[in-house]
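Some notes on the structure that comes next.
Per-chain numbering from 1; labels A, B and C assigned in written order.
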Amino acid sequence: MSLLSTRDLTVTYQTQGGPVPAVRGVDLEIDRGEVVGLAGESGCGKSSIAGAILRLHPKTARIGGTILLDGKDVLELPPGKLRALRWTGASIVFQGAMHAMNPVQRIGAQIAEAITTHHQANEREAMVRAGDLLEQVGLPGRRIDDYPHELSGGQKQRVMVATALACSPSLVVADEPTTALDVMVQAQVLKLLTRLQRELGLAMLFITHDLSVLVEVADRLAIMYAGKIVEDGPAQRVFFEPEHPYTKSLAASFPQIGDPRFRRAPTGLGGDPPDPQHIPGGCPFHPRCPEVFEPCPDVVPSLFPAGEGRRAACLLVEGAIASARGGA
Amino acid sequence: MQTPPLHVGIDAPIGPVVDEELPPPVPPGSPRRIRWARRRKALHRFWLAFRRDTMGMVGLAILVFFIGVVIFAIFADTSGTRITEATGQPLQPPSWDYPLGTDNYGRSVLTLTIQGAKVSLLVGLTATVITMIIGAAVGLAAGYRGGGTDTVLMRITDWGLVIPWLVLAISLASIFGQSLFIIILVIGLTTWPSTARLVRSQVLSVKERAYIERSRALGAGNWYLVTRHVLPNVMPVIMANTVLIVAIAILSETALSFLGLGDPFSISWGQILQQANDAGASTLGAWWWLGAPGVCIVLVVLAFTMIGFALDQIINPRIRDR
Amino acid sequence: MGTRRYILRKLVQAFITLVAILIFNFFLFRVWSPGDPVSFLTRGQGANISEQERQALIEDYGLDKSTWGQFTEYMKDTLMLKLGSSSFYQGEPVMSVFLRFLWPTLLLFGISTLFSMIIGIWLGIRSGWRRGSLFDRTSMIGSLVLYSMPEFWLGMLLLLLFSSTLGWFPVGGRISTNAYELSGFGNAIDVANHLFLPVLTLTLAYIGQFYLVMRSSLLDVLGEDYITTARAKGVSERQVLRHHAVRNALLPTVTLVALSFGYVIGGAITVEVVFSYQGLGLLTYTAILSKDYWLLQGMFLFFTLAVIVFNLIADFTYAYLDPRVREA
């Protein structure tokens, strides 16, 4: 049984200008010890999924569908059980660790807070464990008495990772963990994450817009566009042999140096991601699609099988038109 | 007395970026005409946003009402304010003849209150002008030039903030005399420091923005930068602050008049309260005498405060929907 | 250590401000004020003062020297707390008059500010936490109205209601005229009786300001990322509020509270006048009416010194609460 399983997950924000559907029906599966990458441009809804898993959205957001974490339906849990599940079932490494830590509290205390909240140890033991966790992420244990502003960006991110591991979760959601960092530091943090994932056998949901990172790190890859998954499958194959035109454009934007397949200059994609309140009819990607053809503006493609363990939501996939016609 | 203007939510970097946008697709008039067209559009957008704020609209309504009162007061008969021409019985509660009752000399409290509006609002507005001119100038200079100028100006501002305003006002008024002019000057001189601080921090945040550096790289001089880039971005904050300062200035005049430092030849709401207190209105139960001017003060100050808060909300998107 | 340097810096700044105030005080009351400082000094004793005594006073206060000479003499005298004599109080030294009226004001001011702060901050927290609720909207309106009221007017209203109409409290003064007949406990009750309405007035007058600031800071803080992190860790809502939200929201509150000391003092002055409460406020009022410049000079000095001290306390409190300033 998979560790995390979402069925038709929807997240809709209520704003002054009306409801904004950020996530419009996502099916995601993550097995124990598996690393799944979730990629897409800004505004495609991927960060909303991270918040939805632990129900961290404000009350004004409507979350629909099912989220099964370790067999429990997160969306149906009463508040007490939800709080107990948070951090122990799954934890999050947030983007922008600069602001994700309480500036007036020592970092050791912030890590220990997670432990004592779940009654896993008393205060003293929790601080000891906090020190151990810091060592695990490559920081000296005595820094538990430091304040967040005394750390560099990369160090802060390491502390976030350490905090995420505090209650030994089965799943760690990394929401753009390297986005705000320098390239060198990015590499360090990535190495750290992969090492820990292997050592501890963690399952990870790695959310980012940087595809090149995911190719190295993820087992499976899912590409999101306009609130839905448009392609998924084994990471290497999705990246190097994309089926969906959007994936092709996205992958082409991250050339791999030395790889002859990218000898051509990277091509960008014209246009902007669609406004969630005005998603184009038919296939949402069709206005920007370089391979658009006749039925695209009218038919909404669902995820068709496109090879071994792969799916893509495009009418160009073999057999898609037939099944779309047959099913519809 | 009142506190420094409560810019709830504004401490430093905020404000919409009034960048030089692309000109609208209309036949190009002169650059000046384009600028003015843009400003009119911005003003219109601003009014639409303001209209949506209930608090702000209520404040505006109250303000309009009192402006009407002042206009009426200017043309109305002022004889009722002179003690020698008092027509009523002393200390009468409200009646048909005297809707707000009479004071201890038999003057109609209604007449007094209406006439009092003139001075209270006049002093409030004029003192605000002085405050804003000094405060904005100091804040701009300190924030923009930085370095030594900044340090010196900020020391002076801090010094101004440390002196309790009423004590300074009292000292100045009792030394230099009591007249409308002195009162206005005194209030202006004691209120500018908090504005200076606010303007300076806003200027500092604007200075950080990249387009200033870029503009300078293109050869822009200081005057150009200040008038075309810094000022338009600081203006919204200054506007919101001005409104809140009016509220404070009115309360300041009230307090000074209450302590007997007002102009003896004019009537203001504060002075009515002073006379009421001196005559022991509270102990005599003359609720109409101290109630009328007091309620007017509260309403006017409330109006300006609510408008100020509404402006704050429009300017600072962070604190919207509060 | 950063903290020591911070404290030192603040003390030096306060000292410089104090010196500037002393200089200003001198110019205001000695150089610019109309009339002859000698006559103000001797006026209190009227005609009962001999030429010799008059000459002695002049020499004592250096009033026959040049401006610079007078200034140095003034600085010396002020440091020794030799602040001249009050004309209203028949030549009694200003210092002695001041000490008599000091503790009633301290009592009034201290109690009111304490209550005002505690209640205002508590209401502000509750309001910000439950934004949009009925409680929030009513307390917001109430605070705005209180904020817009002149404190002395509020005092007059309360006096009207509770004293002359209901007769629950005395009409003014600090103690009853027959206070000397009362025992120790009776005395305390008497003082409390007279203190009640003034304290109520000042407390109500300033609740609004503390409320509005605290509420707004809390709303700011609640939008920060570290609040989401805390919730994600499974921390209970109450703990999130207490350890993360309020701890950070107190910072701007302390700053704004410090800025408003000067205004609160002004309020205390007018309220004492309304209730004829014999404290420093009433003393200042008397000084104005009788043009007692030496007394006014002393009052000016004291009140400003008080604000400087309060600001220092606020600065130190802020440094205690926010570890980031200690570094700078």
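Keep this in mind: contacts are C-beta pairs under 8 Å (C-beta built on N, C-alpha and C of every residue); 3 or more make two chains touch, one makes a residue touch a chain.
The shown structure was predicted, so the numbers you read here are calculated from the model rather than taken from an experiment.
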item	value
Contact-richer chain pair [B-C vs A-C]	B-C
Chain located farthest away, centre of chain B as origin (C-alpha)	A
Chain whose averaged C-alpha position falls nearest the assembly-wide average	B
For chain A paired with chain B, centre-to-centre distance based on mean C-alpha positions, whole Å	51
Centroid distance [mean C-alpha coordinates] between chain C and chain B, Å	24
Rounded Å distance between chain A and chain C, as computed from the means of their C-alpha atoms	55
Touch list for chain A against partner chain C, complex	51, 54, 56, 83-88, 91-92, 94, 96, 99-105, 113-114, 117-118, 147, 149-150, 163
Chain B - residues contacting chain C, complex	1-4, 6, 8-9, 11, 155, 158-159, 161-168, 170-172, 174-176, 194, 247, 251, 254-255, 258-261, 270, 273, 276-277, 281-285, 287, 290-291, 294, 297-298, 301-302, 305-306, 318-319, 322
Contact set on chain C toward chain A in their complex	224-226, 228-236, 239, 243-244, 247-248, 251, 321-324, 327
Interfacial residue positions of chain C with respect to chain B in the complex	13, 16-17, 20-21, 24, 28-29, 32-34, 131, 144-145, 147-153, 156-157, 159-160, 163-165, 171, 206, 209, 212-213, 215-216, 219-220, 223, 252, 256, 259-267, 269-270, 273-274, 284-285, 288-289, 291, 293, 296, 299-300, 303-304, 306-308, 311
